[in-house]
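The structure's right below; bear with me while I get my questions together.
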Amino acid sequence: MKRNDGRKNDQLRPMTAKVGVVKNANGSAMFKIGGTTAYAAVHGPRDLYPRFKQDPEKGLLRCDYNMMPFSGHGNRVRPGGGRRSKEISMVTQNAINPVVNLTDFPNAVVDVCIELTETDAGTRCAGITAASMALADAGIEMKDLVIAMSVGMLEGELIADVNGVEDCELGATDIPIAYIPSMDKISLLQIDGEISREDLKKALELGKKKCLEIYEIQKKALKEKYSEKVKSK
Amino acid sequence: METLKVKNRDIVVPGETLAEGMGFLPSRGTYRIRKEIKAQRLGMISVDKKVIKLIPLTGAYLPKVGDKIIVKVIDIMMSGWRVDTRSAYSAVLGLKDATSDYIAKGADLTQYFGLEDHMIAQITNVTSQKLIDVTMRGPGLRKLRGGRIITVNSHKVPRVIGKEGSMVTMVKQATDCNIIVGQNGRIWIDGEPEKEILAEEAIKKIEKEAHTAGLTDSIKKFLEKKTSKKLEVKGGSQK
Amino acid sequence: MKDKKEHILKALKKGVRYDGRKLLEYRKITVEPGIVHGAEGSAKVKIGDTEIIAGVKIALETPYPDTPEKGNLMVNAELRPMANPDFESGPPGEEAIEIARVIDRGIRESKAIDQEKLCIEKGEKAWSVMIDLVPLNASGNLLDAGALAALAALKNTVFPEITEEGIINYDKKTKEKLPLQKEPLEVTVLKIGEYFVVDPLPEEEELLDARLTVALTAENMICAVQKGGTEPLSIKEIDTMVGIAQDKAKELRKLL
């Protein structure tokens, strides 16, 4: 199949990643894949209010996903969030939670702010990929980085990294997943559209393989920031 | 098969495989999963024979009893002050720990410490639930008047201080500034305006190059060039 | 606080800012236009560590009943928690509203956009221009940075296509630019003690006595002003501050 942007079925869009992009944050990162750009910033660990949310055993990870008003493809996105961003914030949190260890921070909170400056599908995935880099940059204890990417099913074929046209106009089945390499487990899975049980299994295998490609980009971006410090002299 | 996948001073990211095989021992900042040892946070590797340790390069300050830290008053209560410690937790400075003076109940506490005041204080207690007490009673503990507060990552504080205080002493000597380094990464600098800025620049440079070889030398050269002073390095070796 | 102010004043007396700059010196500024592919216009501006994105969206709407022959203009600022650990999510607070309104006035009152040209059908249909300002990192002087970003974004804004059914096709952009007739910029001058400074750091904004934000056209005509801070200003001081703003606006304009 020829994809509308000329990619091969299993080809990701061009990517850039940069760590340490928000000076006021304890950790931050930017991840761009095609026309989707996500920024993530980590504030904390810090005091958590309201107090009833505090956990005496460990700190709480709290994610906040937001699309900037001008980031959409069509109409302006009304500020103030809504049901969609609430849900995405929640699944993002669940996607990242399995790797972070906040036992050193009882009763506290680690806030992860995710902002999309421009979008062309795969925004929650780009947000998760950026967020896990930002958490590593903030020095949070974590078993691994988390990578997210969307697999699609279009005209009976599996495609990697679904773009906006494929998602909205061509009606691809959209399957965003998040993958944790060291555990070999999937921590985000949503499906929008039809797919058979066999194809889903294949889709997940493809997703895993492609996530590992993004993983290399995450690692490189993190090392670049810190190696520069060691070498620069 | 036992293989070491990294070498000393390598920068690693969370989840990165450091070694394979049961012969290696995971130490601070690393963990074992199946037969592999992996990094548990971002940091620099230090291998000592079979023990693999990770030196954190970033992360929040964790309050420890005995640490001298620079705190900021954020609330004044009946029984003392609540202070920010630049960690996930605030601390309490009680009346008895604030001064040797007798403070009558209901007295105006702002005459001792007001909101936004900075002090160098010492941690006396940290509970498992991270309730923290600090004291102002001890040598060198005091309110910091004037000057500026800058921050560095708390993991870089040992480098800023240097061996037996050699690094910070050198910066003081070069800039004629009063400098107090808190273990929580807050640093107070007080001096002539241009000199304060130079001291800040030097400390930021130490933070940035904290893990490079020959750090003392490079900072010495930097300061000598900026001040045209000849500097002596006391105590520290050239490592 | 008093302590901190005295310390900063002591340095200002010697002509030295908190970060070593001169009193009337801006931090390093960069302007990067066209960074959001889906928006009709956009720009990212960095002033020192402050970084802000302006995005322009265009829509087809009914004009307001009191101005049936004009297209609508809207400026909004969102201070999201990412940009500063002290920002909270939720509806815009005082600071965000002031930034948006002062930048709005500069654009509106200078008649930067010929709003009548935005009208397609009187009282029925007109282009609306919506400018959103969102900082990625807030480290002082959001007003000047926001105004600069807004102008840079307006300058690269193009209209989207209208289909035969009369609705917008956002995927197709035309080459037609916004009818810009003036180019307003804003310069904020602070008074701290007896000293005037521009491009404040957060430390300076915290303890300012007064500030004057002056919106200026390319002809250096004043088109909007906002006085902030708790201390009143004398006429002479206002005149001096406007003069400083005019000089600085000329410098900023070279970056566009």
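Odds and ends about this structure:
The letters A, B and C name the chains in turn, as written, and every chain counts its residues from 1.
Heads up, the rule we're going with is that contacts are C-beta pairs under 8 Å (C-beta built on N, C-alpha and C of every residue); 3 or more make two chains touch, one makes a residue touch a chain.
What you see is a predicted model, and the numbers here were worked out from it, not measured in a lab.
If you draw each protein chain as a dot and join the dots that touch, every dot ends up joined to every other dot. Note on interfaces B-C and A-B: more C-beta pairs are in contact across A-B. Note: centroid distance chain A to chain B, computed from Cα atoms, is 32 Å. Remark: chain B and chain C have CA centroids separated by 38 Å (rounded to whole angstrom).
Shared interface positions of chain A, i.e. residues touching 2 or more other chains, are given as 44, 46. Chain contact summary for the complex, chain C toward chain B: residues 1, 3-4, 6-7, 10-11, 14, 16, 18-20.
Per the touch definition, chain B reaches chain A in the complex via residues 9, 11, 13-16, 31, 33, 38, 40-42, 44, 56-60, 62, 87-90, 128-130, 155, 208-212, 214, 218.
Against chain B, in their complex, chain A makes its touches with residues 26-27, 44-47, 56, 59, 99, 101, 104-108, 136-145, 181-183, 218-219, 222-223, 226-227, 229-233. Put simply, chain B touches chain C in their complex at residues 114-117, 145-148, 190, 193-194, 196-197. Interface residues of chain A facing chain C in the complex, by the touch rule stated above, are 21-25, 35, 39-41, 43-44, 46, 64, 66, 68-76, 79-81, 111, 113-115, 117-120.
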